[in-house]
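Next come the structures, one after another.
Heads up, the next two complexes both have chain A, just with different partners, chain B and then chain C.
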Partner chain A sequence: MDATILMPLSLDEAVDALARDPRALPVAGGTDLMPRVNAGTVRPPALVGLAKVADLRRWGYEGDFVMLGAGLTWARLADADLASLVPALAAAANEVGTAQVRAMGTLGGNILSRARAADSLPVLAALEATVSCRSPGGVREVAPHLLAPKAGVIAEQLLRPGELITGVRVPLLRGVQEFVKAPVGGGRDLTLALVAGPVVGDVRCAVGGAHPGPVRAFEAEQWLAGRMDPRTGRLSDARDAADFGRLVADEVRPDAEQRAARAHLRHVVAVCARRAVQRAFGG
Partner chain B sequence: MIGESAPRPDGDAKARGRFSYTGDLWAPGLLWCVLVRSPHRHARILGVDAAPAYAVPGVRGVVTAADLPPGAYHGVIVADRPVLADGVVRFAGEAVAAVAAETLHAARAGAAAVLVSYQPLDAASDPEHAFAGPPLHPDGNVLRHVALRHGKPVRVRRDGTPVDEVVVEGLYEVPAQYQANPATDAALALPSPDGGVELHVASPYPHADRDQVAECLGLPAGMVRLMPTGAGGSSGTREDVGLTAVVGLLALRTGRPVKAVLERDESLRVGGHRHAARMKYTHRADRDGRLLGVEAQIILDGGAYAGVSAEVVGRLIGCAAGPYMVPYAAVDAWAVRTNNPPAGAMRGSGAVQVCFAHEAQMDKLADALGMDPVELRLRNALSSETMLTTGQVLDGPVPVGAALRAVAEAVPPAAPPAPGTLRGTGYALGLMPLLGIEGADESSTATVRLDGGVVTVTCAAVEVGQGFVTLVRQIVDEVLGVSDAIVLQAGTALPTAGAPGVGRHTWLTAGAVEQAAREIRERLLAPVAARYGMTARLLDVRDGRIKSYDGLIDLPVDVMYADTATVTTAGACRAPGTEPLDDAGQGNAYPAVAFSACRVVVDLDPELGTIRVVDVTGAYDAGRVLDPAQARVRVESSVAMGVGLALTEDIESAWSPPGTWDVPSVRVAAWIEEPQPGAPFGAKGLGDAAVVPVPAAVAAAVRDATGLELPRLPLRPRDVVVD
Partner chain C sequence: MSGPGFDFDAAPTTSYVLRVNGEARLIENAWIGENLLYVLRERLGLPGAKDGCGQGVCGTCTVHLDGVAVSACLVAAATLGDREVRTIEDLDNDPETAEVQRALVESGAVQCGYCVPGVVASACALLARESEPGEVEIRRALDGHPCRCAGPHPMVDAVRAAARRRAPRETHSTMMFNVIAPPVAGGTE
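Up next, the complex of A and B:
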């Protein structure tokens, strides 16, 4: 293949390179992109290697937010410092593939993955984080939880041609964060992230692996918020967790070709949601 | 030294990703080959139009069945499989044409441009339709049927009173299993100046492949040279001869080197899998748990072409009742033709499938009798000088009871079950006939040359990842005291070493090396011994010294070589003779049988149906452990393969290999070292017998945890949810 490979040394150079040829693709760990290039399903005329762009691997505070560079690897996201800031993302990172994949695969690459099992996305959707998409014209912040997860590949809705994901802005929350992952057969996994914000009644839940993108269960969230005791922040009834699970499954309606597989996915969503609530609120 | 662990010559390069597999090879002027494959399971080919492919820039050649000599068919037993489909396609994924182009992308585009018009025909994907349905091939649909009849039904006790029978029945299914060798299937062909072709392919059996390719290309065998490349693992069938012949043909046509590398999902469709099996079993026992009889009907899905199906039937028929004494057996086994990908040989061929069924039956029987499953098995276990249901008396070691006791008595895993999970424990026993069976001419040769202390071993056995090179060095070290023998891996320039698999090279080729080395040793030690008034037998060569049994002689090993310039000897090793099974499935068909026992402990999340294999403990009838590290690798890879078949590999819908998180570390409760008569150092192949009981034991453990019947593999999460 006669593709050009560019190795920019700075973020600006990387953004310029992609803007000059919007068909070029950025590559960091390559764990998602390179198998597709090898299989011939994508044929970029140029690759923009991000290995030398140190800015992409930084993180820092911005007011009530933490800015995570798109080049942070799963292994780095699981480290104690970042795990204490965004526990659900660290929990997701710990369950990704093998140690080799965790050492190479990056946050930005995962957000752009074609696979349903882009494990970062339900976490970002539940956190209501925004993804920073940069072009020479400036930075556009896109919120994954506001996209159309059932409509198709999330990467295409998120990023415009020529843009580069530089990082993710995650609100720093004081509440609880849970992440649950369950294999459902055939190498497929279902993921669920549950986040409780600083205010009692602020609960958010997103499910991955059921549709092309992460699906928020807005109605179930509201129902659960209404079941909380405003003084203690605890649930009023031990059965609430199971009821919440059923509501999430009803709302998410996972898709699968076979009816039996669909029924199992629904069941798994309900169990994962119930367990996340039980872990988060006790009982 | 024999009995010690030695590093493997290819280990470091493979671990670091520096090893060159076939797919990594390159030659100047290389063209890429991509095959055009049928989307239909069964269809008539009305026409193939290659012209649009030639219009794709970079395409240099397109071949179809019309470019091959008539009769370009291949097959290990029966040559019934066309190199490129000729008039009819019999499975989805069958190659119809092949394109060679300057780049991989151009070859892909060219292959997509070839216009094939098909007239779809009714496809038979259910093996049971093979009996009544129309023939899918001129050779018919039944590839082999063996109707084993052994002993007589036991209806009365010795005192004449009727036997109080306990009967259990079951219908079991095991799906096809993809080999998933670590290195992808690939082949490289280079045209030779003499008009022949040189083939680089990871062939475990270069001679047979060379002959078949030559025949398919219409060339004399001498004009086809096959160089085995470093295979990234082989658990039976690898690249099919058809692929090798196609790249060879394209190289001859274009006059350029041609390489094909198959995608994983392409290999999945091409076949060579473990046979899918459907099995109906009836077991009868008396109230004391003694087996009275086993009846079974077993149908193997052979896929579209004959392959090795007939041999697999012969191998499994003697294993169908398990390693138990059975006074009466009536077992019918068929391999039939379907419109599925052709099945191949895979570690534990045939035995894995029947083990899943007969071990489930033994657990059912234990349950019906209220007996402990281990106790029931011990009560019926084969022992030395007992008989298989083929009527063959076992004259080698039969450590079935010892193996089962070893795993049953091993300490259970210390960690308690994870919170919210159910723990289950399952046992399984397996047996596997080794080497070629039913009168296969089983022998192998090797040449050992000693030149000034340098030992060179030449044999045509191929290192496919089984650690053969290391084993040969250890044998030479053991016999001649030279630790760094050169092992020449020759291609088809050397005489054949035969088909690998089922422990062949460990026994026969290693046996030939040992014999040749011993002859050199006798010849060189004789004068040394004579000098001290001894015989060579009383001298031992170890750690670079020659020592006598009584310690009086202690000489440097060099004195052995001092007077001799060069010695070359040839060794040969032949397996015990066997005969084909007769019409009733009776006969001394197996040169040797190996056994293994396995205990599996699982933790099951009853709500999500997720299974974690917590512990696998095995005991293995090794004969002799030649290299502990290699033996462990064989066992660990067999466990991974068995766990994959049991839990993750759903070839019908979504194939997914087991990951490191699916497979626990394996504990070996016992290497049972009762030497196998006739085998070098008494050792026998490990990999095949080791995989046999694994899927059965995993299923038994999950049954123990859930109480579900689970007659089918793989155990998908949704099959094992307990509400």
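Up next, the complex of A and C:
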């Protein structure tokens, strides 16, 4: 009989364990898996516990990038040192669940979260970070902003069976990073991440919670970059923030079953985008 | 909600050792999906942590894991390894806990009482980490305890009062220490 619980001590052992039994579910914090197990909607045939894999909880520099281990908790990502490197991720971490969930929930688990509430994904899409997916054959880097966010479950697009998310490669950027989160009813939230480098005239904006995956608003980003004064980094007009909000809402086209809910979500997207720009550029 | 509500014979099981309140406890032939709360209450006879929502929202099941407050209902007990669990039954032996409990009573934060063991666990974890937490820190540490009887403010007052009562003991020696050796910036990862 196969082992029902495996506690690997290294990344290699963890990846081997998942490759041997692709039905086994990896467990780090448990904050995404256990609500479904408790509610009886998931019956894990086997578990691979990641508590002893210290490599998953490391972070370090790699040239102009920072490598964040998938086992870093939300509480750790919100600490001052990591917050100064990736402010938008720390801002997202600060708004996740409760203190008890932030203490256990991990970055890797959130990326794979079945719910649309994967708060890390819009941040990673706006930063153009890559996710490291490891199997016995090697490491595959997947960029969340290049997936098909409207086409279905994002975890399935990101990860192949038997693979384990080992970490995230985030570029170290100058400029401002904003994260806005708004409840939209039914326990769902809408999230928006904005990264703007006034010096290079670069704007990136991604919306979570409107579709299965994070949606980038490429056209709106370009429009806003064009409104920036290249010397001062300020916006040309005080109304630009609100206009940007409408453009993002038009481009993202939030998806909901009812027309009224769609209109509401559209409005929330526009407000979140406007607030993010106002915080980033002042005014 | 916490236990396996299906065919027990077909469910995958395992046996493991759990470190609870300073002791190594053997859990035999348990379903692998059992959460820590179920194991504590039903297998180890520790009913202090309460079963509320089973979804990590209500905070009544809060226990310490390596000194940090976590929701026991969200922890897969079989995958804990050698991490140390402390429940309210053991926290109750610390004099600091008694101070927190007294402050909660005096502030009017205890009404129906169902959420109180969890609130005490969170407050003790906060005060062990930070002896004089600010209001924002206290509110963030207690944001997983939506008390519908007394509301959030009395429990915030209580933690502040407990911290104040505890602080004077250390002030003098800490001040002296700072004069001799100022704190170093940075630190180890």
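Note that the second predicted complex is superposed on the first by the 270 of 283 C-alpha atoms of A that agree within 3 Å, B and C clash if a C-alpha of one lies under 4 Å from a C-alpha of the other, contacts with A are read in each partner's own complex, and residues count from 1 in each chain.
As a working rule, a contact is a pair of C-beta atoms (placed from the backbone, for glycine too) under 8 Å apart; a residue touches a chain by one contact, two chains touch by 3 or more.
For clarity, every value in this text was computed on a predicted model and none was experimentally measured.
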item	value
Partner chain in contact with A:A39 - chain B first, chain C second, else both or neither	both
Contacts of A:P230 with chain B and chain C, given as first, second, both or neither	neither
Chain B versus chain C as contact partner of A:V101, first or second or both or neither	second
Contacts of A:A261 with chain B and chain C, given as first, second, both or neither	first
Partner touching more residues of chain A, whether chain B or chain C	C
Chain B versus chain C as contact partner of A:V271, first or second or both or neither	first
First (chain B), second (chain C), both or neither touched by A:K52	second
First (chain B), second (chain C), both or neither touched by A:G63	neither
Touched partner set for A:R188, first chain B, second chain C, both or neither	first
Touching both chain B and chain C, residues of chain A	39-40, 43, 97-98
Partner chain B, residues of chain A touching it in the complex	1, 39-40, 43, 97-98, 182-188, 258, 260-261, 263-264, 267-268, 271-272
Touch list for chain B against partner chain A, complex	103-105, 108, 263, 607-610, 648, 650, 653-656, 659-660, 716-718, 721
Interfacial residue positions of chain A with respect to chain C in the complex	3-5, 7, 27, 29-31, 33-35, 37-40, 42-47, 49-52, 59, 75, 97-101, 103-104
Chain A partner contacts - residues on chain C that touch it in the complex	1-2, 5-6, 11-14, 16, 32-33, 35, 54-57, 59, 62, 65, 68-71, 73-76, 78-81, 83, 122, 140-145, 189
